[in-house]
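What follows is a pair of complexes built around chain A, which joins chain B in one and chain C in the other.
Then we have the complex of A and B:
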């Protein structure tokens, strides 16, 4: 890899040496990408930053520059609650997806190696959840957890003689429900990545450790996980960003309720603009989201850079 | 292998099957339940039961959904937007990915990281200014314009994945073509693209699936019900049918999920490989 790119650099340096300046060869190849990136990414991001410092709303066109929106957002007593819910939602989802994804990757890998039946079926069903539109996932879980007669979970409870549980109307349980649905949705991604990573683990180390009498959990902890560490780290960052930006599923599952108990940062951003029509406040929240994603991207690059060395 | 370790392996196989079964139930049952509800009459839905087989199965919910004025339109719009978005993203991303893979230019590495950073930006952040801007230009509620936004948000991932695939194709192939007098462009089109066809298919399908699931952009830029894709339209549907006709909502959900799942199951092998390659290289 390094030698290949080194010869490529050398070749290009020779080709460029001593000529007049001409536009880089790559420019026409990159031009459409750069144009779209400017119009649909760079320009909107700059505008979000600008609008965050205004009093802009969706109800009128003109606006004035002010710091008031920032002050309002930061002094809003419900902000702490939103950040708290976001923290719980992201942390629980990431931990849940990571553990479940690792578990599925391990058992599917073992099943394939032992030629057991059903491994591909299981992998396919897990992936089906992942390709569904978020709003539909909310609709599906809204039906499954429903407190009406057609709610699956409560029907099962009734069958076993237990009292129904208010999965969506209790403020604490609603958070559990939202996290569960998000784990259901996102685990496939972790499963895919870790399944691929497990194939890179050096088998000889297992045999050596087994000779030393290591148990299964110790093998996992001391042999497997250290070897797939870089993928684990990248995985955590990617699913953190994805979860941080999730709100479509919550919109149709709980709508952020009951009593804003499941209103995460991305949903608050959305609601500020499309429920309260406060464009500037939405942009302030969008800046928060942007900063969080940026921070995670930097960490991501660091992690990758470190592992490459 | 000793008798003891063989027995041990059989016990482990049993545990392995148990694990697979638990995972299958957790991920499969919600989908099975929706399918079951979609085949029930309204009276059956109101009976509390855990039996997934409907007492008197009916397709009437599906008939109702497909004969509604809006639902088939939602599906068509989703297909249009997905096709436009993923095709456009391929057209934009393939040459860029080729340049990143084969050419040396100043700022190449920085630019690659910038493309990755684009991938991290939530469409929610982009949609607010675009809404204002399109409103002032009178471009709201246009499927082609919204499709162009799809192209933009799908292109970073497509670029990264395709670059990974092009890196895996030996440069000798293009070099040989160019020694024979081909330009870079025709080497790319006649030699590299055909070799990369399976990977192109995979990236196209992944982009189409992501487009099918896209919510924020169409929600904000489209408003007329006749322009909405299914990912947004189902919200209207949920509002209309949730309380008294769950069977119809369930049938609508099945119809909305089915195209994505079918596409995915048919092309699963490509997708799994492509996604892992792209994500690991990213």
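Then we have the complex of A and C:
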């Protein structure tokens, strides 16, 4: 029985009983799950919210409730820069991962349909990036983008007679570099989800569309994408949250630098707590992250979930 | 692909391979995350930096520590060490996590603690006293600045500082024959070196977002008599008579990049490997590095090439002004089990003090060891010993990590041109003061 039907049963019982409330029949079955969710998810979130309104540090047990931490965080001139970098990092990463993941999923699906060799290998290779810890991915991209004479990309450019590029020392290109690394890291997850979703599309819809004269792009736009819309919605929400919470890869790739050029909100949270011992400010940033995730989830549901409703 | 590139990529990939395999098991006495027999009756949770373990990125050091841990396991068959190895890039940021773990009773039994954070750990009551494990003579032999840091307000010692280091200018004498005595001379010498060999960068230094960007360059501040904190621990580096001194440092660093003496990519440096790789690739004339790089450099670039290299103290704004930052690592016991504290100190004595210094090239912390260890008898080590007299340790107070972080941002902002030295210093001063007020509960 779903929660909705359980609620309906409860309402019906209340109506029959002359306004006397009785618990929904599903409650005993849901109770363990609700208890787990409360202990492991809701309580930590509420605690972070509570600490955001204090002046707590990692070094003192005592603290007072205050709005001062919020005031300080909001009046910090670098906050706008951090939010801007976070916005660019998340938007570019999500779009990049989505497009690239869909592209690879379509290619692999086509390769499997044509029984071409190597499709499984391609899928496995792409997945390698996803299973690697973020710290390692940062180190890998440091090797690739190092601006010294031994950096891989600049070495290739030099071999072809092109000038070296300041991948990590230019404040704008550094953002492009961390976005690229994050797309590389997250594309496999999107590919996996969308590849599975592509298998659920009814083949007859393609046949019918072809009879009506649809080309490949029209098939993609009018058949494939509408059919996998629910998975796309889940995918976009998940990769947005994952990208918002990314800091390990950036920490090992640029440390947030040069200066604060690649310091995203999650990294700022980490630095506040574990460098400045400022637990309260870290919690304020964590609240910002939570709000951003919730807001984007609502927006995605409205945009992508319209037809579903 | 040239040798330096192969070496650089090889070292980084080696690190990756080690990290990727870190969770694998083994029946050997030294596995990736364990030392001793898996079924040994006693266990000790030991947290160490990768550099001080068999997972060091330098193969000789890794092999040396593997042998020492193996010997220790044979001599102490009753113990199994469960290792938590911290990658070098995170060893400084790990200190805050370690402190938090200690506060909630989840710290490892025995761990590497960065020397400059020891007073903070003592203040928080996280460490066990160690006096009974060392004789008065051993404590007396330590350099005074070492003794001061590890001694608590109750005059007991709470950590054993076994390795120290300092910052020096490494230079290729065929390109820069004389050590620069002033900042102007350094910039001029870098330019001349680049003219002699267009493939080289004149001067490299740490300018990325990590502790060394602040610590290495603080020598330029200290040599002017600058003070980071006043006697009460309040940050004063951006105020009063200290402000202009820090401003001069930021202007000097900016000048190195603006003049072309240093490349703008110094803002991406987040480890010391960059210098060694550049030295091996013959693409640098001078760099501000650590004394601990001397041994690695010698083995990396070969005897002939290394003979061209010499070291000198960092130059000052005026001739005769000089200073250097001294750091290093301690081992401290967090467990209140006396048996585990004793095992922890056994590890310090048997693996790190003396033998560990010879293996890593990190300087001993006592005069006696400096004079008695064979590896440190050569003139260069005696020169390092002399330089230590100009050494300055970082303040071991809670505000320092935030101060360091803000100075890293200030240095990066100035070098990338996103802020003027004045603006960067003002912002850093304001933000550090804000954090200080919070930490002090004001």
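By our rule, the second predicted complex is superposed on the first by the 243 of 309 C-alpha atoms of A that agree within 3 Å, B and C clash if a C-alpha of one lies under 4 Å from a C-alpha of the other, contacts with A are read in each partner's own complex, and residues count from 1 in each chain.
As a working rule, a residue touches a chain if its C-beta (ideal position, glycine included) is under 8 Å from a C-beta of that chain, and two chains touch if they have at least 3 such contacts.
Predicted model, so just to flag it, every value in this text is computed and none were measured.
Undergrad: Once the shared chain is lined up, is A:77 touching chain B (first), chain C (second), both, or neither of them?
TA: Touch partner of A:77: chain C, not chain B.
Undergrad: Please indicate which partner A:215 is in contact with in the superposed arrangement: first for chain B, second for chain C, both, or neither.
TA: The answer is neither, since A:215 touches no partner chain.
Undergrad: Between chain B (first) and chain C (second), which, if any, makes contact with A:171: first, second, both or neither?
TA: Touch status of A:171: second partner only.
Undergrad: What's your read, chain B or chain C touching more residues of chain A?
TA: B
Undergrad: Using the superposition on chain A described above, determine whether A:103 touches chain B (first), chain C (second), both, or neither.
TA: first
Undergrad: Taking the superposition on A as described, I'd like to know which of chain B and chain C A:149 touches: first, second, both or neither.
TA: both
Undergrad: Kindly classify A:114 by the partners it touches after superposition: chain B alone (first), chain C alone (second), both, or neither?
TA: First partner only, chain B.
Undergrad: Quick one: is A:252 in contact with chain B, with chain C, with both, or with neither? Answer first, second, both or neither.
TA: Both partners.
Undergrad: Touching A:286, do we find chain B (first), chain C (second), both, or neither?
TA: first
Undergrad: Which partner does A:297 reach: the first (chain B), the second (chain C), both, or neither?
TA: first
Undergrad: Quick check on my understanding: which residues of chain A belong to both its chain B contact set and its chain C contact set?
TA: 132-133, 135-136, 139-140, 142-143, 146, 148-150, 152, 155, 251-252, 273-274
Undergrad: Residues of chain B touching chain A in their complex?
TA: Its residues touching chain A are 9, 12-13, 16-17, 19-20, 23-24, 26-31, 33-34, 37, 45-50, 91-93, 95-96, 98-99, 102-106, 108, 111, 113-118, 120-122, 124-130, 132-133, 136, 148-149, 151-153, 155, 159, 171, 184, 209, 212-216, 220, 230-232, 234-235, 238, 242, 246, 249-250, 253, 256-257, 260-261, 264-265, 268, 272, 275-276, 279-280, 282.
Undergrad: Mind listing the chain A positions that touch chain B in their complex?
TA: Within the complex, chain A contacts chain B at residues 4, 8-9, 11-13, 24-26, 28-30, 32-33, 36-37, 39-41, 43-45, 47-48, 51, 61, 103-104, 107-108, 110-111, 114, 116, 118-119, 121-129, 131-136, 139-144, 146, 148-150, 152, 154-156, 158-159, 184, 192-193, 195-197, 231, 234, 238, 241, 245, 247-248, 251-252, 266, 269-270, 273-274, 279, 282-283, 286, 289-290, 293-294, 296-297, 300-301.
Undergrad: Going by the contact rule set out above, which residues of chain A touch chain C in the complex?
TA: Residues 55, 57-60, 62, 69, 72, 76-78, 132-133, 135-136, 139-140, 142-143, 146-150, 152, 155, 166, 168-171, 251-252, 254-261, 271, 273-278, 280-281 of chain A touch chain C in their complex.
Undergrad: Tell me, which parts of chain C touch chain A in their complex?
TA: Residue list for chain C touching chain A: 1-2, 4-5, 8-9, 12-13, 15-16, 19-20, 87, 89-90, 93, 96-97, 99-100, 103, 124, 199, 207-210, 263-268, 270, 274, 277-278, 281, 283, 398, 401-402, 405, 408-409, 412-413, 415-416, 418-419, 427, 431, 434-435, 438-439, 441.
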